[in-house]
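Shared between the two complexes below is chain A, which pairs with chain B and chain C, respectively.
Entry: the complex of A and B
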């Protein structure tokens, strides 16, 4: 249950951050919204039990890319912003149409995934209980992983 | 949470990035949008990995780490290009850079 709440909150943060970053006229505010988006995505990575990728996301994106973007804005737009001119490009409505069409295409391509792989899919919470289970035997787990690696290597060498 | 929640979220984020890349005139905002799209792809990689049969093999994080490294290099080069263009044209407005069309 907690996981579901965390997912919805983090995805709302990520989507809102991305929307604000894309639509904001002031570029400095846009960069900060982009950092919020990166932070939300890092939380989603944590939720998917990819801790290392979450840490890398914070270090590389929020740390390095954010500062780099702020410096670039400082060096190009004197005060940051499109100073009252038109914000969108000519024919921007076509851009919206193409983005919406790509979204529909992506949703349609998701349709067959549902029937094929859902029964096999593991829930991340099961993985957590497996690790925190006192009867969990790490040694046999290690052997299982080694065996699967060995199978792959054998398949490749043949 | 099912795999589909993550996949649909990644599709939404990708399309937000696509919309930004298509509709904005400022070159730096287009770079933001490309970053948003790359991060949506990373989310897809991680989600597919976590819901795969054996997540112990860490293939998803390997792809994602590679993509993050390449994306960080791409931002550095892209911003250097934007600054070079700014010094030449005195603007980062993509509609005023139409030398090839004239």
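Entry: the complex of A and C
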């Protein structure tokens, strides 16, 4: 139960951070929001019992990439970056379509896994706790996921 | 969350925060006293027990300072980013407090079942990852104040911290290599019985590099360019007053404790010392005593050495410390292979060779860099 609560809190932090990073007009605010996203991600890695990846996520992404971005902003002329230019490019609707398609595909790939092979997994966080189980067999899991992708592709092509 | 786990976590964390905050107060007093004695002054000696004439050598000074800081006015400049101006001191304090739990302080009230963060595989790497966040807080403070001196201080701090982090980590790598573990408890355990890493040529070189880099990481003199009073007022916390300033101050000292604690863990044997077999709880006392010895050296250096110039600072990091620490890794690698042979004679030879190599490299790098450091050419002044 603890893991489920932690998963939802951390993923909420990550998603909010990512959204703010994209939407903020002020560059420095955007960078720090991106760092919040990275921190949430490293928390999710900790939840998967991947300590080392979590540490490296903080070390490389927050420590190095974040400082690099700040350096780049620091060395450009307009530090604040809060001018009135529009934030979106002209082809944003196509980007939205592609993003929505990828999202739907990801959702669909989770659904058959639940239905066919993992009746226990009711929500993604339980799936996470399952694969962090020491008895988890990654190879057969990969086969199952591949199968589910195949079923989706078949469903779409028919 | 089960209640026992919560109590375990509180038992593991609350004493750390209380002890180090108390030590912080004591250290500010010690630093002011020591600097005053170095400069032939008396230092704070008035504040003692309230309503009496008892001075207690001015030991009440930190409490008086704390009360003053809390009641001071909080001023935010008009053009400042209010949110980041508020967040920066908090973000400075959190990482330095957080890494304290990775120090192998084996308190007597912790048993086998308690939460011990320092027994985490990869505690050392977590330590470096989290201390790296201090850079962001400094930059945040410098940028949010909307003051050119703050921004200059923040830029200096970021450049300095990024440069000195490399020799810091590379000298810690030697210990990780010799022990074969990133676990802070195991690293301290490997040095039991006076078998400290500082007592070997490669360990000594790594310790010196680590300590110098730690001085730069915590912005201590002689590397206190980000807060150089004579050049850029107070650097990144120029625009901070009241309790926010106190938080920066606290964060800086806690970071000093944390990095000295890591130096003690890696090179000075952790809680190792005489009398442990009779009284096991002495290990905490030894650990804190060693931290205080390092802090005393930091205070002594602050009272003695002049500040570096910016070009000297960068040159020192990249042209002297970095090559030396990389060479030291190779020396330690050879020494590790020599140790595997388990032969006294080979060990003596290895010691002599590595001493010669490290001394030769240090003096050679010194000679190489000496010719290139010319007197400063002034561009915008005469």
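Here are a few things to note about the model shown:
One rule holds for everything that comes next: the second predicted complex is superposed on the first by the 111 of 158 C-alpha atoms of A that agree within 3 Å, B and C clash if a C-alpha of one lies under 4 Å from a C-alpha of the other, contacts with A are read in each partner's own complex, and residues count from 1 in each chain.
Keep in mind that, in the parts below, a residue touches a chain if its C-beta (ideal position, glycine included) is under 8 Å from a C-beta of that chain, and two chains touch if they have at least 3 such contacts.
All values derive from a computational prediction rather than experimental measurement.
Once the two complexes are laid over each other on the shared chain, residue contacts for A:67 go to chain C alone; chain B is not touched. Applying the stated contact rule after C-alpha superposition, one finds that A:27 touches chain B and leaves chain C untouched. Look at A:35: by the touch rule set out above, it reaches chain C but stays clear of chain B. Within the superposed three-chain model, A:2 lies in touch with chain C and out of touch with chain B [touch as defined at top].
After superposition on the shared chain, chain A has more residues touched by B, the comparison being chain B against chain C. Judged by the touch definition given at the top, the superposed model places A:49 against chain B, while chain C stays out of reach. In the superposition on chain A, contact is made by A:58 with chain C only, not with chain B. When the two structures are aligned on the shared chain, A:100 is found in touch with chain B, with no touch to chain C. When both complexes are aligned on chain A by C-alpha atoms, chain A residues 52, 56, 71 touch chain B in the first and chain C in the second. Contact residues of chain A toward chain C in the complex are 2, 28-29, 32, 35, 51-52, 55-56, 58-59, 62-63, 66-67, 70-71, 74, 79.
Per the touch definition, chain A reaches chain B in the complex via residues 3-4, 7, 11, 14-15, 18-19, 21-23, 27, 30-31, 34, 37-38, 41, 44-45, 47-50, 52-53, 56-57, 60-61, 64-65, 68-69, 71-73, 75-77, 82, 85-90, 92, 94-96, 98-100, 102-103, 106-107, 110, 113-114, 117-118, 120-124, 127, 141, 145, 148-149.
Residue ranges on chain B touching chain A, taken from their complex, read 1-9, 11-26, 28-29, 31-33, 35-36, 39, 42-43, 46-47, 49-51, 53-57, 60-61, 64-65, 68, 72, 75-76, 79, 82-83, 86, 92-95. Across the complex, chain C meets chain A through its residues 1, 81, 84, 120-122, 125-126, 128-130, 132-133, 135-136, 139-140, 143, 151, 155, 158, 162.
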